[in-house]
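Letters are used for the chains, namely A, B, C, D and E, taken in the order the chains are written, and counting of residues starts over at 1 for each.
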Amino acid sequence: MSSAYIPLIVDGLADAALIFFVAVGLTLVFSVMRILNVAHGSFYALGAYISVVIGLWLTGRGGPVLGLAALVISPVLIAVLLGPLIELTLLRWTYGRPEALQILVTFGLFLILEDAQKLIFGVQPYSQDTPMQILGITRIGGIVYLNYQLILVLMAVLVAVGLRLMLKRTRIGKLIVTVVTDQELAQTLGIDSSRVFILAFSLGVFLAALGGALASPTVGVAPGLGSETIVLAFAVAAIGGLGQIEGAALAAILVGLTRSAAIYFAPEFQPVAPYLVMLAVLLVRPFGLFGSIGLRRI
Amino acid sequence: MKHLRSMAALAFVAAALNPAYAQTGKPAEIGMGVFTFTSGPAAAYGMPGRNAAELVIEKINASGGIGGVKIKPIFVDEGQGTDGVVAEFRRLAADSNNQAMIAALSSGNCLALAPVAEQLKMPTFMWNCDTHQLFLKDRYQYVYRTNSSTVPEFIASVLYLLSVNPNIKTVAIINPDYAFGRDAGLIFKETLKALRPNVEVVAELYPKLGSPSFNTEISRLAATQPDVIFSNLWGADLENFVRQAAPRQLFERSKVILALGESVLQRVGTLLPDGVIIGVIGDGWWKSPHAQANAQAKDFIETYRKRFNEYPVFPSFKMANTLYAVKAIYEKALATNKNRWPTREDLIAAAKNLKTETLTGSLALREDNDGLVDQIVGATVKDSAHPFPVMGQMVRYPASLLTPPVGTDPIAWIGKLKPDMLNTLPKPGAYK
Amino acid sequence: MTAILSVRDLHINFGGVKAADGVDLEIFPHELVAVIGPNGSGKTTFLNLCTGYISPSQGSVTFEGQAITDLRPRQITRRGIARAFQIPQLFTGHSLIDNVMLAIAAQRGIWQPFRPLAQREYLDEARRTLGLLSLDEAADLPTATLPEGMRKLADIAIALALKPRLLLLDEPTSGVSTAEKFPLMDKIVSVLRAGKITALFVEHDMDMVERYADRVLVWDAGRVIATGAPGEILRSADVLERVIGVS
Amino acid sequence: MLRLEQVRVRFHDQIVLRDVKMDVPASRTTVLIGRNGAGKTTTLRAIMGVLPLENGRIWLDDVDLTGVRSHDRARFGVGYAPEDRRLIPDFSVEDNLLLPAIALRLAGEERRRRLDEIFNLLPEVAALRHRAGGVLSGGQGKMVALGRALMVGTRYVLLDEPFQGLAPALALSYADTLVRLRKSRPDLGLLITESTPRLLDKIVDNSLLIERGEISSLARKAA
Amino acid sequence: MTLRHIIGLALIAAVLPLAVPWLGFVFTLAVGKGLAALGVAVLLRGGLISIGHALYFAVGAYATAFLMRNDGINEFLLLLLLSTVVATLVGLVVGVFMVRYRAIFFAMLNLAVSMVFFTLLSKMYHVTGGTDGLRVATPTLFGFAPSRVQFNSVLQYGSLILMIGAALIVDRYLRSPLGEALSAVHSNEVRLEYLGVSARRVILIAYAASAALAGLGGTVTAFAVGHIVPELSYWTISGQLVLIAVLGGIGGTPGAFIGAFFLELVRTFAVGFAADAWNVIIGIALLIVIFFLPEGLYGLLHRTGKQGSTP
């Protein structure tokens, strides 16, 4: 392989890391609750906003390293505050109702959150660059990359592996998997599925907000971020197979590499790349790379 | 029957909602639609415009308004999308209290609104429409551009570049993907071709307006290693680009031209090394000798800084200058009419061939309704008085030398530019 | 006499379970055939295979001399095989008569975008069909509110409205009270006889089998293990042991 | 004693259980016989609390379970093995068995004790303990599902159609297991639904017939 | 029933602008959106939710612009017809793939296709004018060239006639065997197949019809605004169309238009009074309707109508 492709791959993976954060929470929430959360992108945007606000505040108080902490503090804060609130007040009443309604309820939430952000944070872009400045740079293939970008890739891998391990090994993970597989059975085994729902939704919110928070040092946070993000998340989640964490990871890599290849060879097609990949994958595998669906019992 | 009655009631309510009918003589106030982005990534550029409008209108009203009538601005957010903007324009135009429109920021909205303004016979002053396509094919009676167009703006960038770096070989372009960015790319390339035919364009990137991340584009630019990177990104896009590109040392490897760079200097300027070429597309630089010599401008700058906690950027001046120009047009019309309140037709007649002083220089409206404004270009330099770099090595190119004459095709005109043109123009650093 | 339906060497596995393991059988015109066998022996799977809901991994299904093995349910339905389901398959958003009218429309050509479904002709025919099964009283009720027994009947009414030449009934009387079973089956059988419709029905109640079937197919573990007249089959020790659970 | 009083359940707008009265004594095996759709499964699901009652009460000794939420009923020692085994395919057999213990936060010691007891009763399951739930055959899965029900069911175990879909030989071996269970856990109350109750002859104490959502007592089914 | 309501709505829409002229424009936009939302409502009958129908909305609009610019067709009625035909054809082609999917996948695939289209409209600058969009000039009417003001009146009243026509035709279609088969897809696709009816073909026809309606709506909008931009096909517009359909109530064909009029009016007033919060207003209205008025605004009208008629 020519060394000219190295930056392409590095860029693709760095892009994939951010895309993965966007999609994984969406796919997780779908797998547990069977709800396609249109407001997911808004949590991403919120995560970005809050982490900048907290980050700047902490950097001003305790220095840049403390600013880094904001990247984790803010998603936790958002998840704890909004996750249970939204699950209990809105989503709970939509379980088992038609998809059109579920999607619309989250669309309504999306509209509200979009304007709420505008009202709270105004319309000027927010940004913080301390995290990427203190981590320095690395040269790969003659091109300067921020160590922060490379760490993001590492973080994405950690989150993917961590989620997998959590679902497989921990108590709460096992309970979530059981509820996902069979909610009724789970209840008969003594699992409080409503608490699992709150938890899983909050975890989804956390992942979305974490994605936003981690992206915030490298992107500008401005109104409209949420609506851009959510369609990308849909595409990636669908490519991977809705509800599939490994699928989301693979899809993110696929989309990331396609996007960066497009910028190198056909820049005009960069924005279409995720959707073209999605159409191609869904035409061959209608339920995504890792998805499947059974026959109806008659 | 019941239906009829409810219909009548509705009609009554509607009539009650309807604003007062057309007045003769002096109105109670001048309603004025002001169109700019107050939401979305473009708001980073649109808000300074809105801030300036608020401030200038306050000042005009405080000093008695125009001919004794106060201005009442109605701000319209262009962020709602073109159809919403057009709908709002129509709604405002239907209200006879509204006598002029200050529209719009994005070239897409300008191109959409111009024919509507013409239809509705609504005097409309384009405060920020730079695309030269505005008057390229269509002739308007009611639409004026109170600022310069892309043609002089980006010819100026090339002229400055060639003055400071005469021996460049390769250039790359990264512009937003719409008329303004595409026009700028074309003008930049055509001008280079005319003045330095052997310069090669090695990459042209047109990321979508409002992209949050340019990281892959930055890698591609870094991999290509051009002598020069030209960009007319603006608003949040430009901020993001600078934030993402500066730590990756893009500004150190290539000479970078940020044609709209002045608007973000106060926000991200510290990330830029010295010597990055910075433009204001026009003459709206708050520290320019003209502005500093103008008492009204100094007052404006000071008030602006106090209220909004930053210095006015060039979009603020575009808006402020437009409003003062509109005031001048009203005053000219009043004078011509011997103080009879001008109709819309009087207003546009007065605008024709207007010449007026602005806060940062002068504005001339030509017979094709286009505006003539000088172009200031400079390069970043640290300034001990401010925590951000300012423009140094400035040059002020006269509008007349950079603007194609009325009725000529601008691109063809650029093609005829001669390399020795550079010798006849003022040099970087000449504007002090 | 040539068979109306013949099945050769049909195989299908579900996750290691052999739901059809070399099924061979023939159904002859105007027969009323009962299918019996323990739960999970592959009876419903057999109906699914005959109607194209699932495809066999091996083997063939022939209807009226033509192979229908790989056709889809709608294609097979159009050739004259109708089916009623173990779990009634109804259009729950529609009234009972609309359900039947849809079947009538489907049979006559559904591609009419601008004539109402509720046209005189369809209404009359739907009422007639419902009348055959004494469902006329419930005609205008939404199917979602019908009790289970009526839902089973509604499902059969829909199948009959398609005017099939072969009708497959999956446990037609399950969910119907014992007292109602015989009158119900009497009605179904008289419609079948009057319309010269060949039929196959899956049944658990041996009294029903004995009374109505011309012939019985005994199913076990994906195979037909015996066939014959009800009188003789229901006295076979092996069948009793495996299917009915008495030794 | 597990007791149902005037239990009425509506499902998809239909009444599936009509004012059912039923006693399921501890230390006894009660078999609920009925055809498909008669309401057997619904009865078990109602006891487990996954279907709401329209009317009536469910008592476990002197505790009124009616108001106890579904997942809390497991705490009262009622285990349930649904007809289709419903294991978690990604989890090992052992993890599947331990699920209720995790959910109920049983102490490690207690977990081990119950697990050992299950493995003793079901040696074939012990041999499979590290296999994934998804790769088991039908018969193996049924056994694991039984084991899982026993993990919760200290007082009652409800089995839905345990022989459904089992080949005759497997069904016989499953029936033998139930006989051993009956012996090793004499105090346990068993409620088993079955459409072919013959295999339960050895352990049945009480047969009930359910038809169209109504239960009647039945001494012994006449052959 | 439908006839009474839709004509009532048309009368209101015809009379009110006499007093408040700018409402005429708002109502024309509402009809445009309402036509597209009616298309979405048709699919909702089949249990299919499309978050991509802005695609056909934009196809109709761009078809008009291209036909005028490239083919020199200027006749208003011909443009309406041709643009609708183009949208229908695109709907048929895309529909052939869409009919394989249901539920969430149908929704997401529509979203993806519309986003591809949106991106292409934005990126193919030299063909589509990119994000600047294209101008739609004033067309001719039976060969006459009306002034813009005259044309606006024609469009304003003409669109009300289109609204009545579309509502009645769709109403007929939904009551026909084909239309009833569509809702049968929703309640039991297996049974429908077992009636010998191809569910996919039933959906395809509904899909093409919905594309036609959305395309017609887009064309009306293009003429009304006079300028079209890629945002017409952005997913939030698709979301709005679904929102309008549900807000209005998919119980009857007037619902889509009632929803559209409601939304456009709220939007117009919100822009004046709460410019930064109009999405909040719409979002809350939507949630209220979903949770408290399951039959939508039209259901409300229906219910009060019924109460009024009982003695």
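Operating definition for what follows: contacts are C-beta pairs under 8 Å (C-beta built on N, C-alpha and C of every residue); 3 or more make two chains touch, one makes a residue touch a chain.
These figures come from a predicted structure and were not determined experimentally.
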Item to check | Interchain contact steps from subunit B to subunit C (minimum; 1 if touching) | outcome: 2
Item to check | Of all other chains, the one whose Cα centre sits farthest from subunit D | outcome: B
Next on the checklist: Per the definition at the top, count C-beta pairs in contact and tell me whether A-E or A-D has more.
Outcome noted: A-E
Item to check | Averaged-CA centre spacing for the pair subunit D and subunit C, given as whole angstrom | outcome: 33
Item to check | Intercentroid distance (Cα basis), subunit D paired with subunit B, Å | outcome: 76
Item to check | Mean-CA-position distance for subunit C and subunit A (Å) | outcome: 49
Checklist outcome for this item: Between the Cα centroids of subunit B and subunit E the separation in whole angstrom comes to 36
Checklist entry - What are the residues of subunit A that contact at least two other chains? => result 118, 268, 271, 298
Checklist entry - On subunit C, where are the residues touching two or more other chains? => result 53, 86, 89
Item to check | Residue numbers on subunit D that touch subunit C, as the complex places them | outcome: 12-15, 35-38, 137-138, 161, 164-168, 195-198, 211-212, 223
Checklist entry - What residues of subunit E sit close enough to touch subunit C in their complex? => result 169, 172-173, 175-181, 183-184, 186-188, 190-198, 202, 205
Checklist outcome for this item: subunit E residues touching subunit B in their complex are 8, 11-12, 15-16, 18-23, 25-26, 29, 122-123, 125, 129-133, 135, 137, 148-149, 221, 225-229, 231-232, 267-268, 271, 275-276
Checklist outcome for this item: Per the touch rule, the subunit A residues reaching subunit B in their complex are 4, 7-8, 10-12, 14-15, 18, 118, 123-125, 127, 129, 132-133, 137, 141-146, 149, 215, 218-225, 228, 259-260, 263-264, 267-268, 270-271
Next on the checklist: Touching residues of subunit C toward subunit D in the complex: what are they?
Outcome noted: 16-17, 38-40, 86, 144-148, 171, 174-175, 177-178, 204-205, 221, 242, 245-247
